[in-house]
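Think of it as A, B, C and D in the order they're written, each chain with its own count starting at 1.
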């Protein structure tokens, strides 16, 4: 089971804040975006277009990062904190 | 209004007192000669639009972790004595405090450099997002300068 | 402890509240997005000597005039909205506030530049003198960095 | 009459904080240092050695500044305010 989190503008696009995805040991980022696309095609497009950042277990990740069972993956739109 | 100043890295709903945060940092050393602080506040105008309210959201734990990394790197790279970073989340009115960075050092030069670096780095790497409420509705701000 | 925040240029015996000074400057505009402050404090060590106490003296009227000139030039040359400068005179203990510069602007960049310029300029042109009390006695500090 | 002020370390050297000097309409900075030297030779040396700054009516002055009756002249050692 991996936990997927959506933040800020992505919550409205994904129509959720979080989802749990059942996996066998590990999956690639491409496989994860395919799974997300099934319930939210627009979110899948955004991930594939590299318009957002992705973290795995709260560290920045990229398209090559392998996701393991138990990981927390987050989709992060451009940051705008700081004032 | 202000909360505990115990932790040097905080993300909180409540306002903070700049004086209290500075006094907390002064306790770190008797050899502090310069303290530079940056305080970000809610502006009324943004790209020609009148802002009614701001609202900040963060990725809990990851945001705090990034702020702590910024603090550690500022101390290591800029020869300051210490740094504290506080960012508010939730609704922010015009004129209210949003973010505070306090850099303390033996001399002023390194505290300016460290403080200016830290706020730029915060904007670059910290998972915090701003939503602006204008007369045209609400919008998530997507630009990181 | 703090006195009136009415004037943007002050030389005073009493301590000041950084929070109160910042809040006073916030009232100048609803379009302030960045506030950089520099606070100088009494250090225990100076050139390897242990300091017991500091004591500041100024040339009345001329010192205030110079601070006002610094404020005006900072606003004019650095595109900030406003600036306040407060310097204490008389005895100062280790860790106590000595000088405060508050630069408020629409964005952070100009407030850092203006604040750093102003404290350097203050040290260069303002008739204020520091006397250090060490175990070896009292000495007027003659260096302007 | 001109008013002469001494600050910081110069007070101990001049052995005073302030003095009043009677003048005819105006004098040069050299003439003023000669007058001061009479009561405080060490202070006169310091002025002639250019080791300090001089203000007239609270504006910075130099060796060429003419001092008029009613002016306030101050001898200023290097500044050390600011922290």
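The working rule: contacts are C-beta pairs under 8 Å (C-beta built on N, C-alpha and C of every residue); 3 or more make two chains touch, one makes a residue touch a chain.
Predicted, not measured: the structure shown is a model, and the values here were computed from it.
Asker: What chain lies farthest away from subunit C once each centre is taken as the mean of the Cα atoms?
Answerer: A
Asker: Quick one: report the Å distance separating subunit C from subunit D, using the average Cα coordinate of each chain.
Answerer: One centre to the other, that is 27 Å.
Asker: Mind checking the centre-to-centre distance between subunit B and subunit C? Centres are C-alpha means, answer in whole Å.
Answerer: 22
Asker: Rounded to the nearest whole Å, what is the centre-to-centre distance of subunit A and subunit D, using the mean of the C-alpha atoms as each centre?
Answerer: 74
Asker: At which residue positions does subunit D touch at least two other chains?
Answerer: 83
Asker: Give the residues of subunit C that touch two or more other chains, as numbers and ranges in rising order.
Answerer: 33-34, 40-42, 108, 119
Asker: Provide the full list of chain pairs in touch.
Answerer: Here the touching chain pairs work out to A-B, A-C, B-C, B-D, C-D.
Asker: Can you list the residues on subunit D that touch subunit C in the complex?
Answerer: Those residues of subunit D that touch subunit C are 5, 7-9, 55, 58, 74, 76-83.
Asker: Which bits of subunit B are touching subunit A when the two form their complex?
Answerer: Listed in rising order, the residues are 40-42, 56-59, 61-63, 65, 87, 98-99, 119, 122-131, 140-144.
Asker: Which of the residues in subunit C come into contact with subunit A in the complex?
Answerer: It is residues 33-34, 108 of subunit C that touch subunit A.
Asker: Tell me, which parts of subunit A touch subunit C in their complex?
Answerer: 83
Asker: Can you list the subunit C residues touching subunit B in their complex?
Answerer: My answer: residues 17-20, 22, 26, 30-45, 94-95, 106, 108, 111-112, 115-116, 119.
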